[in-house]
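Note that the chains are named A, B, C, D, E and F in the order they appear, and that numbering of residues resets to 1 at the start of each chain.
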Amino acid sequence: METDWPLEQLRAYRPHLLEPAGLDGFWAETLAPQRARGPHATYELVDAGLVAVETHAVELAGHDDHPVHAWLHLPPAPLRGPGPLPGVVQYQGYNGGRGLPHEHVLWALAGYAHLVVDTRGQGSGWSVGATGDPAGAGAAQPGFLTRGIEDPRGYYYRRAYADAVAALDVLRAHPLVDPDRVVVAGASQGGALATAVAALAPGSVAAALVDVPFLADVRRAVAVAQTDPYLELVRYLGAHRDRVETAFATLAHVDGAVLARRATAPALFSVALRDRTCPPSTVFAAFHAWAGPAEIEVYPFNDHEGGGPHHVRRQVAWLRSTLGARLEQ
Amino acid sequence: METDWPLEQLRAYRPHLLEPAGLDGFWAETLAPQRARGPHATYELVDAGLVAVETHAVELAGHDDHPVHAWLHLPPAPLRGPGPLPGVVQYQGYNGGRGLPHEHVLWALAGYAHLVVDTRGQGSGWSVGATGDPAGAGAAQPGFLTRGIEDPRGYYYRRAYADAVAALDVLRAHPLVDPDRVVVAGASQGGALATAVAALAPGSVAAALVDVPFLADVRRAVAVAQTDPYLELVRYLGAHRDRVETAFATLAHVDGAVLARRATAPALFSVALRDRTCPPSTVFAAFHAWAGPAEIEVYPFNDHEGGGPHHVRRQVAWLRSTLGARLEQ
Amino acid sequence: METDWPLEQLRAYRPHLLEPAGLDGFWAETLAPQRARGPHATYELVDAGLVAVETHAVELAGHDDHPVHAWLHLPPAPLRGPGPLPGVVQYQGYNGGRGLPHEHVLWALAGYAHLVVDTRGQGSGWSVGATGDPAGAGAAQPGFLTRGIEDPRGYYYRRAYADAVAALDVLRAHPLVDPDRVVVAGASQGGALATAVAALAPGSVAAALVDVPFLADVRRAVAVAQTDPYLELVRYLGAHRDRVETAFATLAHVDGAVLARRATAPALFSVALRDRTCPPSTVFAAFHAWAGPAEIEVYPFNDHEGGGPHHVRRQVAWLRSTLGARLEQ
Amino acid sequence: METDWPLEQLRAYRPHLLEPAGLDGFWAETLAPQRARGPHATYELVDAGLVAVETHAVELAGHDDHPVHAWLHLPPAPLRGPGPLPGVVQYQGYNGGRGLPHEHVLWALAGYAHLVVDTRGQGSGWSVGATGDPAGAGAAQPGFLTRGIEDPRGYYYRRAYADAVAALDVLRAHPLVDPDRVVVAGASQGGALATAVAALAPGSVAAALVDVPFLADVRRAVAVAQTDPYLELVRYLGAHRDRVETAFATLAHVDGAVLARRATAPALFSVALRDRTCPPSTVFAAFHAWAGPAEIEVYPFNDHEGGGPHHVRRQVAWLRSTLGARLEQ
Amino acid sequence: METDWPLEQLRAYRPHLLEPAGLDGFWAETLAPQRARGPHATYELVDAGLVAVETHAVELAGHDDHPVHAWLHLPPAPLRGPGPLPGVVQYQGYNGGRGLPHEHVLWALAGYAHLVVDTRGQGSGWSVGATGDPAGAGAAQPGFLTRGIEDPRGYYYRRAYADAVAALDVLRAHPLVDPDRVVVAGASQGGALATAVAALAPGSVAAALVDVPFLADVRRAVAVAQTDPYLELVRYLGAHRDRVETAFATLAHVDGAVLARRATAPALFSVALRDRTCPPSTVFAAFHAWAGPAEIEVYPFNDHEGGGPHHVRRQVAWLRSTLGARLEQ
Amino acid sequence: METDWPLEQLRAYRPHLLEPAGLDGFWAETLAPQRARGPHATYELVDAGLVAVETHAVELAGHDDHPVHAWLHLPPAPLRGPGPLPGVVQYQGYNGGRGLPHEHVLWALAGYAHLVVDTRGQGSGWSVGATGDPAGAGAAQPGFLTRGIEDPRGYYYRRAYADAVAALDVLRAHPLVDPDRVVVAGASQGGALATAVAALAPGSVAAALVDVPFLADVRRAVAVAQTDPYLELVRYLGAHRDRVETAFATLAHVDGAVLARRATAPALFSVALRDRTCPPSTVFAAFHAWAGPAEIEVYPFNDHEGGGPHHVRRQVAWLRSTLGARLEQ
């Protein structure tokens, strides 16, 4: 059955979420060191046995100079035209990673420089990763959502968001890439990361593809969600009954429905009305907060898999048209 | 936990399965019309928005001239060398279909002519299909496993196996393809179809990739399996308590552990020790019955997803080496 | 817990469902051939080992002259009075069949000519059937709900409804039966079939017993239902994301909450407030749309089993009184 | 999957179960008062709205003269022949009762005097009952299996078995019934009750129908069973870790695989190889212990529903032949 | 997810529950014999191997003089001051018991005379008990909630509530205890018992600790609850479809949201917003009905475990302050 | 049902587990810094509102001088005798912590100095903790079992075991404690920690209480276990299919069935035959490997809760006797 309000009610939902004091300063301070340093990455060509994709192993410098691993997939040279390539930075869903070199190559097939980035500490789930998280944490629930949640500065997603900005900066600095046509993309946690990057580096993002995003309107999300990862927070607060306000104060710094007010790039969202993981109302909360032009595709019969290949087809066309318009400007 | 015997016992398992009388005649008669007619297909170029794959919509003539839909994915012309291409016919898992044009393109990326074939009547599950099954059936359990099971001649998988042979013949007849280097491949039901084709058209198959195959050693399978589709048969026989022997007599005509004795091409199998859908012992039964040279990769910690991307990497290398050896012959 | 709105809200629910254009023509055209041909059936006495019921195996001509199997149970001759018997045509729940001869005999015990009819292709579930469906279908979800759903003319339930009308006509034409006192009855899918017959042959139905009916107000049903068979449609549309409107356009032709507007016979409904399979609101939608006099019995503590034996007792009394009133007219 | 050993191992299983000291004395003493008193019952004709069954409400004197309710269903007078009727006493599965008058009438339809007996305290499950249990108990697990288990004399099943013997005696004393052709029958708990009666009143039972019986070889049963009611005992002993031997000492007095050694009537058993409630090995333990001639029907694809209507058909034929042979003696 | 209405709606919920006629007379008559007799108990010192708690086994006379078992835990003599001790009577959750002597000693550690009382017939679940229920019952659902529900006078909870009052009277009469500072406490069913005692003996209770109470606003509870024990009632009424009003008439005599109107002692409640067993709205119904001063602690992220150790800490402080205030009066 | 082999087979199970090369050196090197430094802790008296327990908040120096939090519960001064106290160090089950001060005080009530120690990074589950893990890790499965598993030196349990040894050393150095009568105790993960400490500091441990221990015979454990935490490893290896041998090489350094060969103190084990979390065979593997005198208590009807309060009672008596014997030496 549907997991949230009826569609008409979702379309009208615009919660009044308070911003934590000093939010912009918090992020400016977080990103200052890596912005001062500039993007940094090494590339190594790998043989994945494919003739139609050219793949480079990337190690880039993330938050605190921690190494973050990625793949850069490119259309092979005979298929590349004369000008620079548009790019897509793809962020991963919860507990996934960049995978093996042959796994996530769609945007390279479509003609983009395609950077598939690890999320630190993750990558033992649906897709493997190679990037650790060198930072420790206080007593936390198994998983990533409550690591360091007692304080925004030590919170896991502060580091993860900063890594994501670093990945964008790396792709924009690649010699084959047109820095004015780089897109951020991701589903679920990947959608949260794409939202964060679009909000924290609004001038650097040409467009955003945000699918069934996690980490938006978190107070409502935990009241409605039926599965992990939001339930990690429920279990944490069910144990640490005296830390509710502390935890939500930290979460407000990373909430996509707050940050999206700073995201000015054009965006294509998707939402699924039977999503038990990222409740539809919280997706609409982020969508309605988005500062730039935004469209949303509704999938009434899907759970968290969302629009699947049908939405990819929609994204390929939307991106072609959106970036084409940008070229013409 | 593991779902079947310990590995050493699996490695020793070689059941004595009886062949139904007239098995070869049954299949010869089944395939005679389409062999007399020869392969037939139409091709139409489609735009999936990809630059690194060239895709054609295929409608081929299957059993009884019923139309079967497929995609033919090719490396784009600039990436194709001078000689003919090796080919892969990929069969689908239960209730999947050829998908959208951009979905299943791996073997094209690896340099093969890649035919992704529908299974008739299926394609409303993990991947969509476009091919109906114009034949009706007696009272059957929802699903495909018991449709027409009261008689081998009207049984669903007779038609499905014949379609699979027709698809192989179509790819071998394509002008860009080297008919001596065409591979059959599939996982789960796709593994059953690949096994069947390798057994029913042994001279036409250069190699076989058989992953966690369905429809092997079915009597044991239903005693051990924990999920659909084998449980469709359990529910059917739990209702029709008087049709047990009739059903197994039909199933013996399509059992991969029987048919594999006719399969002479080199094969790479995979098996997962926590597979609740296609029990490991039944995979070993088919593997041990295989007439040609065969290897098996064991994944001890996986359920029916099996080797996943790690096994694809293994397959890419194994195929390169196996077909390369064939070229040198 | 309860699975739908509170009772007072259910009692007020009267959705405005649009009728598809040409609905009456669609059904007139569907039924024209069998009406032109007239009812046709063969009877064979069977020995079920019972002394208090006389059972005949029936093969009747359904839609497109396809054979449909049934049992005709009669009170044994010594118990039959001088006049013709009232009759009950009983339709089956999803995936059930007429069963074995001794299974479904209640209405014969109560003094009726009791026709227990198969549903084509079904009968491998809670009760066995003997009737196949000779028609094929496009790619569909396992089950019956989405077979041929791409077009009303090829849709499975078009054939099933037409068979149900044919069964009514057969019983009314039986020499022992009073054609003016024949009742249609069924639960779940059987309730949908009884509704359809009462709507499509309103002059031929003396009364209707409609329990927890399936296939009513289908758009709401799929938003609320928690189990199969409605979830078959959810899975189908979750895969075929681009066929939502096509599917609902077809379903509108068989929706009981639309068709009931044509049903003029007296009816006794039942509904269960914890029904996870056929949501109570959708039962009320059909009940409120019923054109004839109708009563509804509410079972607040039952799931899809509904009123069970208590409701049967209610039905026996209601039918005695309703048909008695008819006799007196 | 199958829930116990493979069939060949089941067929060889004959556990050496110890009899508690004084078992026969225990039961003789238990039954002495009711045997001294003789059978006692009152009958009241009821109108269930059926013409083909004649039903009487029965209140009979059970253990300690506690009232036990039942229905006596008879073929209606016009269908009764000149001689006395054979009879069937049907005992109920766990938490069922005699139901409503129209529910359980099969054996009356087949020509038997059919006594459908309540089990004291039960009858709020799949079929309703009207009989309380006036005796209290010590701290027990919800359910009936552990009520009074601390001592055989206060144990629930001592009273239930004694009631069951009383019901047999009542039917044998009915003026329409031939006392030499009365059968005991039941499934699950009903099978345990039928076994107990056949063992405790061996001279009074003409045949026994024992389906998927409960309460046999209980030590093994609790090691293997996956559902209630056996899990009631597991939970009880999981809480009262110091009462294991006490509990099993009591259970030995009612274990069907012990008592069956005293049952000399011909018996027809059934067993289901996917039975998660009454494990197949424990059914075979009782079957192998049966002192009289016994046959067993194996249903490999069924859970606790066992042979269902197919087995009823088998029973009708078997009983006709078995009692017919008895008539000829 | 949350299991009931949003918090603001819960805070406003004050259902208009009808009192059964003669409620006060019913309870006065129930308690008259034990009040006439006065409290009666025997004590026996036990060695639980602990040096910091002194434990006595208690057998007290409950309803109808039935024996009820308990432990009396005391601070050891060197830790007891000169004056009498305040006391806590702790009632148990469903199917628990007093446990082993070392298990439930918290209030003795905190300086109270701590009486841990069995609930008759229970104690085979999370904590063992030693007290039987000598009274029998009519056909009932396994469990305690429907035992004797056909009539308030034979209903199980009539006896259980009367036992609970007897336990309070016993502790108040103990020579080491100050009868004016005795508290009733309990969670879930224990909360229902504490509520009942506070309502039926309002002058004898100094304060009440009521956590996530069971048996309040039962009509709403069964519409919302997702687990046993409320589902016992649902299953009972799902079987006995004709006893709905009878059952609720009985339940009205023990409903905490009715009885609380008579409870005048200060109370500290707790409620959990994800409680699937005792729905939050029903806890608020009892809380809002409480006649004395009452506070409630809300745990938004907990299921039926409620506030757990955090709430115990809160209770220790609240009780110290509440009874301290009483001392000063 | 039982979750592992029958009891007689368990009693015979003695697997031949290989020790990793350099195991003793690995641990000597690990513990060298903290042994060189000596035990270090600070104590602060806390008011938990209890009169019968005296509690101190402890912060002790663990591995790498990381702070580890604990409670020291003591019998209050009036209850302490003249000599030093025996002690118990209690380690926690997976994801638990020291809890609130009033929660885990049993051994203090029994007369012991009772140190309840956090496990680093844990304490958001059944009992809260206050100790973080300042060390980071590579990509890992949510949870603790796979953190840093790619290398024994960075593995999470290396740090956790070293902390556990530090806690023992701290309690032995406390001025009120007799260092020759300090016991290690724990269930599940706590049992693994107690085993490790008994093995790594054999001269410092007077006795060990090891209940249903985790982390023993891990290869078999993952083949049989049905729940987390062992399934964390299964999911990790299901994703990282190429790291199986690396992971098991690390795990061999912390496997209790290997380390127990070094444990010489008397031990009391417990095992539960329906334990789905820590399979019985793996408990027996550790028990059989134990170098000192050891007894085991078998609970046939319990899952991972094991012997519960009954076993605590057994432990209190066993410890009194075991340490008493030690005093007499």
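Here are some notes:
Note that in this section contacts are C-beta pairs under 8 Å (C-beta built on N, C-alpha and C of every residue); 3 or more make two chains touch, one makes a residue touch a chain.
Remember, predicted model here, so these are calculated numbers, not experimental data.
Shared contact partners of chain D and chain F, listed by label, are B, E. Chain centres here are means of the Cα atoms, and by that rule the chain farthest away from chain F is C. In summary, the interface at D-F recurs among the listed pairs A-F, B-C or B-F; the equivalent pair, sharing over half of its contacts by residue number, is B-F. With centres set at the average Cα position, the gap from chain D to chain E is 40 Å. Each chain gets one centre point, the mean of its Cα atoms, and the points for chain A and chain B are 37 Å apart.
In whole angstrom, the spacing between the mean C-alpha positions of chain A and chain E is 51. Annotation for chain E: residues 127-128, 235, 310 touch two or more other chains. Taken as a contact graph, with one node per protein chain and an edge wherever two chains touch, the assembly fits none of the named shapes, being neither a line, a ring, a star nor a complete graph. Every pair of chains meeting the contact definition is listed here: A-B, A-C, A-E, A-F, B-C, B-D, B-F, C-D, C-E, D-E, D-F, E-F.
Those residues of chain D whose C-beta lies close enough to touch chain C in the complex are 48-53, 75-76, 78-79, 99-100, 102-103, 105-106, 108-111, 127-128, 309-310, 312-313, 316-317, 320. Chain contact summary for the complex, chain D toward chain F: residues 222-226, 234-235, 237-238, 241-242, 244. Across the complex, chain F is touched by residues 1-2, 6, 274, 299-303, 305, 307-308, 310 of chain B.
Those residues of chain A whose C-beta lies close enough to touch chain F in the complex are 95, 97, 118, 121-144, 146, 232, 235-236, 239-240.
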